[in-house]
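Input: structures, listed below.
There are two complexes below, and they share chain A, which is joined by chain B in the first and by chain C in the second.
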Partner chain A sequence: MKNKKIISILIIFLIIAGLYVLLQSLLMPKYMTKIVEGALISEYYHEKNKDHDVIFIGDCEVYENFSPITLWEEYGITSYIRGSAQQLIWHSYYLLEDTLKYEKPDVVVFSVLSMMYDEPQNEAYNRMSIDGMPLSLTKLRSAKAAMMPEEDLITYVFPLLRYHSRWNELSEEDFKYWFKKDQIAHNGYLMRVDAKPVDTFPKPRALADYKFGDICYEYLDKMTQLCKDNDIELVLLKAPSLYPHWYDEWDEQMVDYAAKNDLLYINLLDYLDEMGLDFNTDTYDAGLHLNLAGAEKTSVFFGKYLKDNFNLIDKRNDPELKALWDDKSAYYYNMEQEQYQELEEYGYLLKFNLKRTEEK
Partner chain B sequence: MLFTSYEFIFFLCLLIGLYYIIPKRFQWQLLLISSFVFYYFSGWSNLLYISVTIVSTYFVSIKLNGLTKKQKAYLKENRDLSREEKKVYKEKIKSKRWGWLLLCLIFNLGILAVIKYTNFALSNINSILTLFKMNEISYVNLLLPMGISFYTFQSMSYIIDVYREKYEPERNIGKMALFVSFFPQLIQGPISRFDDLSKTLYKEHSFNAKTFSFGFQRVLWGYFKKMVIADRIITAVLTITKNPDTYDGIYVFIGMLFYALQLYADFTGGIDITIGIAQMLGIEVKENFIRPYFSKSITEYWRRWHISMGTWFKDYVFYPLSVSKPMLNISRSSRARFGDKVGKRLPVYLSTLIVWFTTGIWHGSSWNFIVWGLLNGVIILISQEFDPLYARFHERFKVKGTFGFRLFQVIRTVLLLSSLRILDCYRDVGVSFRMFVSMFTKLDIGVLFNGSLLDLGLDVSDYIVLVIGVIILIGFSLLQRSGSVREKIANKRPVLRYSVYILLFFSILILGAYGIGFDSNQFIYNQF
Partner chain C sequence: MKIKFKILTIMMAIVLILASCGSNNGGESPTPTEPQSTGNNTNSPVTTEEKSKYFFEHNGISIYMNDKAEPVLDALGEPMHYFESPSCAFQGIDRVYTYSGFELYTYTDGDDDTEYIFSVVFMNDGVETREGITLSNKLNDIISKYGNDYDQKNDKYTYTDANTTLAFVIKDEEVVDVSYNLIVN
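Let's look at the complex of A and B:
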């Protein structure tokens, strides 16, 4: 009798847990047809081969500006971009910590633009950077560091508590991708083939204080230490985006930090001509982010930089890896083709022009 | 710590786990510590206020009991005293006891009065000073400690009962402190009586699956009312009542009905959570509501709504006032002057109005609450006066007891109460009366059908949830008339039974108005 009662209670708890999981996966945003950058973080964990030479860490300055496929095709470098929208330095640090649970890359490239933010900025971006991580202490530490005052840590353990109110805005997308999602990115690279030439930028305003915040330095120190502890080369990088403005005072601080910690720092804004970037054709939003053409040019240049500075072996002759990357390339070129077709048909890319797509 | 906060859920789970793990003799101590921890979250200074009330009440209760014992011992030892001498001695002790009681009441009610009513008094004084073009007095910055009205009333009922020798005082100050500070009822009551609560509060409790499960169900039901209904409809209520110039006429009518629903779901939901938590701990807390919106008159409503407050005012204000010397004098002189019929009623009316004045000001330190209280009293007295007229009406038309007439009575009562609560909604007597009048002068029924209701902060899905919620509330109340709903569900087949529980749980989880995008709403009665 007692056993029967225990079994009944267990069954009820299992039913509740099952329903909870089902409802949670239904109600969480899918990021498949709009705000697709929200899907970037979780894709990494579905990757079959998590053994990369280079890991990029950062915000849109990495996931929009570098193409791992180009790095592979040009230099035989395997790489993955662990980036998400407005990924701040604490997100990046914990994401790196999480990545190192799965692999030990030779080089980690960290995009330093996020040093400009010394405090949490936006709940929506927090969710995009953290929700995709599997539950772990690292994830919780990341959430704790990133949370806005109105957020609760428990919602990162039980995301349904955050997304429950989406019940009345569920769309076809939520049901279609309830159990399985499409692949959005190419080893973390978010492709866009459209182009919008640089027009004018607002004149950079003078800042009261150019010094990066203490919290940012604290996390940069932690990242440096983490890489040293794992025998990984850390490269500090400023991507070739024209906006937000990268001040000389910021650049000097990064030069000093790299020198002090025996790291490499490269500001790609200093190599625009060498890369052959043309901001009339190589950016999709007038200089903020690069399009596919721009990302490939940057990757060709940066791949050589990596080859020159680190002992990265060309792996294109490895049959297993070749097969794997051939598949990735096929998907890459297929998407490129599709995007050009979309551009021809609609004049814009459906997934990246939410308003126009909805109006349509 | 809000009942609806994650911190509270965590606190509760931890407490319940510990409660049934530790040796039973320590259970009440754990509750005391938990209550103080719970109270600590509302601020250190608040702990000081409640501690002062506990210590002063404890000390006086022991003193009162000591005097009673002293009297008994003295009279036992001095049996040979004359009747007159005994009487003199008794009067002396009575006077001392009365002095101690008065001191305790003045001290504790004084704390409540100073904190809660100083600025109200100053605002009235300032209004007079302004009339005479004199300088205004600065307001004082006093924070109202959480639940002060509730725990002060609870401890005062205790000390008065000890004075009346209804029961012996609790000699263990820890136990006495637990009675005053028991956390589930600290926020919004009920105002428990010592002889009721102490029966189970200090007992050693073994885990009982049925009691625990029933308590848990009640907690869930409370959360459903609070989070799915009250915290959803509050958006529309605030939109209407905070913008009286935009939303008048029919909106006032909608607002008063919405507020009636919000208040019911909020307050009864909170009490469900309180009683449910206590039940999960094996402690019985008395009911505070008996389907109040099914009342057929205001008098009946006040017997079924916030029962513990109503009985408190009846036992500790109305009755003592009615038999007090000044009131008896008024009764005598009014009888002599106006005759028996009128003279008999005058002290009752006076006591009733004083009680309702007190009830009003207990709810809040502003004129709207005082007017609200007095209007309740006036309506009750008028309906008493009309009793013979009603009797004649029923004799002639034979509608009494018919379903249609009972339904009419229920609707009439709800509308009347909701109209009175306009004073609560707008918190300003002038605006409240202006809005009440606008209901009749600017009645634009079209608002109900032209989509304007969707401008109140609620969308179609919210209205659907509310309609379903109201249907469930009414259905539940109808079912409850023939006995405990939880018992009825418990007697159903397991599949059905557990489906109901699971559905309730997920309704709260999914449909609850909580988290980002929703404001964390304090329980309404917590303000009082």
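Let's look at the complex of A and C:
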């Protein structure tokens, strides 16, 4: 009789938990159209083979500007971009810590643009960088470091407590992707083939203080130490995006930091000609981010840099890896073709412009 | 049968309570629909109707922060340059209109295409504040016009009123940056 009661309670508990999970997955944003960047973080955990030579960490300056497929095809380098929109350095650190639970890459490449932000900026960006991580102490530490004053840590444990008010915003997308989402990226690379040439930029503002914040250096130190503890080479990277302006004073600080900590720092803005970037054709938003053509050029250059500086083995002859990356390449080229077709048919990319799609 | 129904009802109630008792943070879900620049403005603007005593005036046109941009842009005429900065993930767009001597920054809120003014930045000494301060002035000039009620952070001196800050950056004893800015969270 007692056993029966316990079993009944267990069943009730499981049903409640199941209902909770169902409701939560319905109400959480799916990020399958328009703001697809929000789906990047969780995609990594569905990756079958989490064994990469290189892990990129950072904001849009990595997930828009580098193509792991090109790195594979040109150099046999396996890589993954753990990028998210407006990823700040504390997000980056904890994402790296989390990634190292699954794999030990040879090289970690960190995009240093986020050094310009020394305080949390916006809950929505926190959500896009943190919600996709599996529940762990690392995730909670990341949330604690990133939260805006009005946020509650408990909502990162039980996101339903934060998203329940979305019930009246639910759209067709929420039901369509309730149980299974599409793959939107290519090992973390977010593809766009459209082009919008550079015209002009606002004049760079004089800043009151060019020194990066202490908190940024604190996390950069932690990242450096984490890599050293795991025998991983850390590379500091400024991607070749022309805006926001990368000040010389910021560049000098990164040069100094790299020298003091025996790291490599490369500012790709210094190699625009060598990469062959043409900002009339290789950017989709007038110089902020590269399009596919630009990302591939950057990856060809940066792949050689990685090859020249680190002992990365060309793995293209490994049959298992070859099969895996052949599948990835097929998906990549298929998406490229689809995007060109959309451009021809509509003049813009459907996935990145829901408003226009709705008007259509 | 009745017992089973009761249990199911209780379970549903628990789930709904769990879902509704959590933090609401003002009732808005954090689905990102607000503007977020990849540039220098990094926070969501606060909307307030109170007019600030700090506003920029150019050719008789008064430019207040967070005002709708359209009438101001119409009055200012064709800009010398135009730049737009879509964010990494949001649909809002920050736009920069360059006129002789200053840049006017606007933002849009989510999917709403209406532009609002969030900053005016001086580019040269061809323009000045209504109180007569411009680039290359000295700190004493600023204090003589605006007083000592400023916040100082490194080389930046900021005066605040209502929804606007008027900020001066000083290097080598000269003003190198003047800007009116919408106060953000």
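Note that the second predicted complex is superposed on the first by the 359 of 360 C-alpha atoms of A that agree within 3 Å, B and C clash if a C-alpha of one lies under 4 Å from a C-alpha of the other, contacts with A are read in each partner's own complex, and residues count from 1 in each chain.
Going forward, contacts are C-beta pairs under 8 Å (C-beta built on N, C-alpha and C of every residue); 3 or more make two chains touch, one makes a residue touch a chain.
Bear in mind that the values here come from a model prediction, so they are computed numbers and not experimental data.
Peer 1: For A:Gly58, using the defined touch cut-off, is the partner it touches chain B, chain C, both, or neither? Pick first, second, both or neither.
Peer 2: Neither partner.
Peer 1: Using the touch definition from the top, say if A:Pro240 reaches chain B (first), chain C (second), both or neither.
Peer 2: It touches nothing on chain B or chain C.
Peer 1: In the superposed arrangement, does chain B or chain C reach more residues of chain A?
Peer 2: C
Peer 1: Scan A:Ala286 for contacts with chain B and chain C and give back first, second, both or neither.
Peer 2: Touch status of A:Ala286: second partner only.
Peer 1: Determine, under the contact definition given at the top, whether A:Leu160 touches first (chain B), second (chain C), both, or neither.
Peer 2: Both partners, chain B and chain C.
Peer 1: In the superposed arrangement, which partner chain does A:Gly303 touch: chain B (first), chain C (second), both, or neither?
Peer 2: neither
Peer 1: Share the list of chain A residues that count as touching for chain B in one structure and for chain C in the other.
Peer 2: 12, 15-16, 19-20, 23, 27, 123, 150-152, 154-155, 160-162, 164-165
Peer 1: Where on chain C does chain A make contact in their complex?
Peer 2: 7, 11-12, 14-15, 18-34, 36, 38-40, 42-44, 81-91, 96, 98, 103, 105, 111, 121, 123, 153-156, 169, 171, 176-177, 179
Peer 1: Can you name the residues of chain A that touch chain B in the complex?
Peer 2: Those in contact with chain B are residues 8, 12, 15-16, 19-20, 23, 27, 123, 150-152, 154-155, 160-162, 164-165, 167-168.
Peer 1: If you look only at chain B, which of its residues touch chain A in the complex?
Peer 2: The contact residues of chain B facing chain A are 6, 459, 461-462, 494, 498, 502, 505-506, 509-518.
Peer 1: Under the definition above, what is the set of chain A residues touching chain C in their complex?
Peer 2: 12, 15-16, 19-20, 23, 27, 29, 34-35, 37-38, 59-60, 85-86, 117, 121-125, 127-128, 150-152, 154-155, 158, 160-166, 169, 199-203, 205-209, 243-244, 285-286, 288-289, 355
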